[in-house]
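Here is the structure we will look at, set down as structure tokens.
Chain lettering (A, B, C and D) follows the sequence in which the chains are written, and residue indices restart at 1 in each chain.
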Amino acid sequence: MNGQGSDVADWWTTSIIDMRPGQIRFRGHPVEDLIGQVSFPQMIWLMTRGELPSVEQARLLECALVAAVDHGPQAPSIATARMAVTCGLGLNGAMASAVNMLDDVHGGAGEQAVELFNWIDQAVAGGLSLEEATARMVDRWQTERTVFVPGFGHRFHKPEDPRAPRLLGLVDEAAKAGVVSGRYAGIGRALQLLLNERKGKPVPMNIDGATAVIYAELGFEGPLARGLFCLSRSVGVMSHAWEQMQQGGRNKGPTPPAYRWSYDGPNPIGE
Amino acid sequence: MNGQGSDVADWWTTSIIDMRPGQIRFRGHPVEDLIGQVSFPQMIWLMTRGELPSVEQARLLECALVAAVDHGPQAPSIATARMAVTCGLGLNGAMASAVNMLDDVHGGAGEQAVELFNWIDQAVAGGLSLEEATARMVDRWQTERTVFVPGFGHRFHKPEDPRAPRLLGLVDEAAKAGVVSGRYAGIGRALQLLLNERKGKPVPMNIDGATAVIYAELGFEGPLARGLFCLSRSVGVMSHAWEQMQQGGRNKGPTPPAYRWSYDGPNPIGE
Amino acid sequence: MNGQGSDVADWWTTSIIDMRPGQIRFRGHPVEDLIGQVSFPQMIWLMTRGELPSVEQARLLECALVAAVDHGPQAPSIATARMAVTCGLGLNGAMASAVNMLDDVHGGAGEQAVELFNWIDQAVAGGLSLEEATARMVDRWQTERTVFVPGFGHRFHKPEDPRAPRLLGLVDEAAKAGVVSGRYAGIGRALQLLLNERKGKPVPMNIDGATAVIYAELGFEGPLARGLFCLSRSVGVMSHAWEQMQQGGRNKGPTPPAYRWSYDGPNPIGE
Amino acid sequence: MNGQGSDVADWWTTSIIDMRPGQIRFRGHPVEDLIGQVSFPQMIWLMTRGELPSVEQARLLECALVAAVDHGPQAPSIATARMAVTCGLGLNGAMASAVNMLDDVHGGAGEQAVELFNWIDQAVAGGLSLEEATARMVDRWQTERTVFVPGFGHRFHKPEDPRAPRLLGLVDEAAKAGVVSGRYAGIGRALQLLLNERKGKPVPMNIDGATAVIYAELGFEGPLARGLFCLSRSVGVMSHAWEQMQQGGRNKGPTPPAYRWSYDGPNPIGE
């Protein structure tokens, strides 16, 4: 007897995977039927949501996954991965350390943006105009949550994040083809107009905002927007960790060794 | 001045990504040219290796990525992710905790298999027959490294891991079409024969062995085999973490609360 | 020039540590004056708060650190550490994986309890009786935060967690000796009375509640209560990881291999 | 029935902790007898090794724990913790991310030094003079392992690491008092002489070497030297993470935002 049906087996109940010796099924599909038949983005969708998407839905998801892989060594996630390798960690440890960084501030904007978009969508469904819904929900967000409107604004990419218009254009195409409704692209643009107006200058939609439009269009819930970002960013993390491995280095700190930090505590060491 | 060209900038030198305000290039390709044009597996290849693969190469990579996403809640990586969620972590923390588990024992077999395959490949290039090269290199592996031959044997899937023959079949097709050489599929099969014979029973090629054949055929170095497995398994990890989030639960331990562990130390508490 | 005083140095400003070749000062104290002179708990206090505590204050802190080291292999933190070792991680990786688990649910109760205690303390300072303040702040907590009152209730230890009365007794002694005020012990007991009464059965103060009394008495802020718990629990984590290392095992899952999980998804594999 | 004695209970067998409702014993000692009676270092020893140390042994352990808490924001572990906080992680996540960094290169020197010291100790036990044993085992280390002799040399602290002579002095005192044998202090000094001579300049014993002398004197095995370092460094990590939390900041990268990294790949973006 293999313990199935027992209290121990039930403690780990799942509807994702079933197994017997020589057999594996994901969401009911034999693994050998999936391999070679579905794309990696289709597999990601199947695993997280339980059903296979159409090829067109998966293609739009793929655009978001491609767009967010990396933002360079000054991103804390990437820096962490590179430092990790020089501390002796393998790629698994480097990737884990880096993905751990993608918490609320560094990795949560997409999740928050999906949530804000859904507030606006529901307000429109409740009868408000898009403009009115957008203005009210931004006010609500800034009152209940934080002054930061998720998915907009960039310290570096001004006046425009090059990924956002490209991704929105692909959503428009998908909407025209009937793959998605296009409602969230409209919400994203309404937010863009509102924020530009309120700030009196461009507050560019960033990668979190643009991918959140795609995730929301495709029906992913907020937490999965964060998970999918983690998956996408893992590609850049792995690439930088691997490059660092080839560059060598031991115990690489954040700044070159000749630099010291500034000390502002008591009893400093004199020259 | 933005610090470029300084010792601080040089401390973080990379050939992966270049940025200016409004512009991002990966390996020299503007991001907006990649989004919507390349598949996620192509992007993974470009980021890790510097050049875009052909569509056919990327498709074979995709098969490996699809195949390894999950092995159920008894895999320490998946169990960790599910427990993490009930401890309060978001998907990033759950995914990080799980990927951290994919160290030498849980996640290193693919990396090791690529290395062993390359030993055999070089021995063949040096003039040995495939059978002779395989036998000698397995002996060397077991002497220099460990008794475990990476990529073969499975506690559960007997006599065959359903993923292996399917993946090898796809390598054969790719070899016939000239996408890969097929040399590593041959090495994998030679290992299979040798191990079956030595053990006197089937020692099935497992998922690490089968994906290692693909990674080696495509020219990925060993450490990236581990990294790619981490990326693939992240999909299952995310899916299980998300399922657990929806199931609820707080501080989920490995076994149901009614169970206790066995204590074999001094001065046990009496009934 | 060593980069001190530059924008790069200022980016990493700290008042904790100063260094020059051959010299290290923590919070202004030369390291060689601390080694052998201060206890580990005194050092923990100095590092986190900037000043050395008295021996008596440090002793009370030490009691809390001793009390929370471990809660057995069914705690997700401990289970994770043990599984990690069998996946190939060293003690650093096992400890990291385990401490990561100590998030809001598994490790946040102490932090939350300190916060709730401070609400009550301030309400008393504002003129309410202790009973009234306790009742009102519990109501507020359950309205604004969560139904779970942090620091009280235990799935396993009923009717009493053996650590709580021992720790409270030590706080009483310290209060009598003038080391602490004893106000938070009073708050803890008022909470205990209120919860017992409301539930109609004992809702025992647990380890998080009892250590939070100590941390609050000693003036530690909430987030440090969580950090100190992480430090304390690291001892048990290290011990279990090391024991597992000696026991051996590879890829230890949460339950014995003969068990399977229950599958409740579509298209199950037939017998 | 509580599952004790079953295969599930046996899967998690431990000799560290026993529990029943209202009772907890660590290594056979009721928790309420330990709290307030043993120091935190004594508890660390009891948990990892199964027996309570003498007060004097625990004091020497305490010196090593105090000495290694921090090495400033340029240490990858500390930098990671500070960056983590600005990404949204709590202290548990920051501590986990930092401790994960203490792998073979950043955190493994103590473990390796204990091993090398034991090689030398056994060679002396086998009849070699201390000088001869030291020379031969350094040769063996550099042949079998790596050119780096663990525990010696420092990029920054020259000609002396201020922690090493202080710690060795305390070992001498403990040896004189009969607490330890002093053999490993002798081995450490023999290594120091040999390396100075071979290099023709001071190769100072560093913190890993000095604490390894203490750990070896006290009978800790190599892997625990790494674990104890992780525990000690967790104090500095927590302190820096907490300081960063108070300083604020979002997504703090390794260098100030005005800096960029250098790009040395194809097709750079022109000015």
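Rule of thumb we're sticking to: a contact is a pair of C-beta atoms (placed from the backbone, for glycine too) under 8 Å apart; a residue touches a chain by one contact, two chains touch by 3 or more.
Computed from a prediction, not measured in an experiment: that's the story for all the values here.
In this assembly, A is the chain whose CA centroid lies farthest from the centroid of chain D.
Look at the contact of chain B with chain C and you find the same residues on each copy: over half of the numbers used there are shared. Chain geometry summary: the mean Cα position of chain C and that of chain D are 22 Å apart.
One finds 36 Å separating the Cα centroids of chain A and chain D. The distance from the centre of chain A to the centre of chain C, with each centre set as the mean of the Cα atoms, comes to 31 Å. Annotation for chain A: residues touching 2 or more other chains are 8, 10-17, 19, 23, 72-74, 79, 89, 93, 96-97, 100-104, 107-108, 156, 254-256, 258-261.
Within the complex, the chain B residues that touch chain C are 8, 72-77, 79-80, 83-84, 86-89, 93, 96-97, 100-108, 155-156, 250-255, 257, 259-261. Residues 7-8, 11-17, 19, 21-24, 26, 30-32, 34-36, 38-41, 43-44, 47-48, 62-63, 65-67, 69-74, 79, 82, 90-93, 95-104, 107-108, 156-163, 165-167, 170, 223-224, 226-228, 230-231, 234-236, 238-243, 245, 247, 255-256, 258-259 of chain D are the ones that touch chain C when the two sit in their complex. Within the complex formed with chain A, the chain C residues making contact are 2-6, 8-20, 23, 25, 27-29, 50, 89, 93, 100, 254-256, 258-269.
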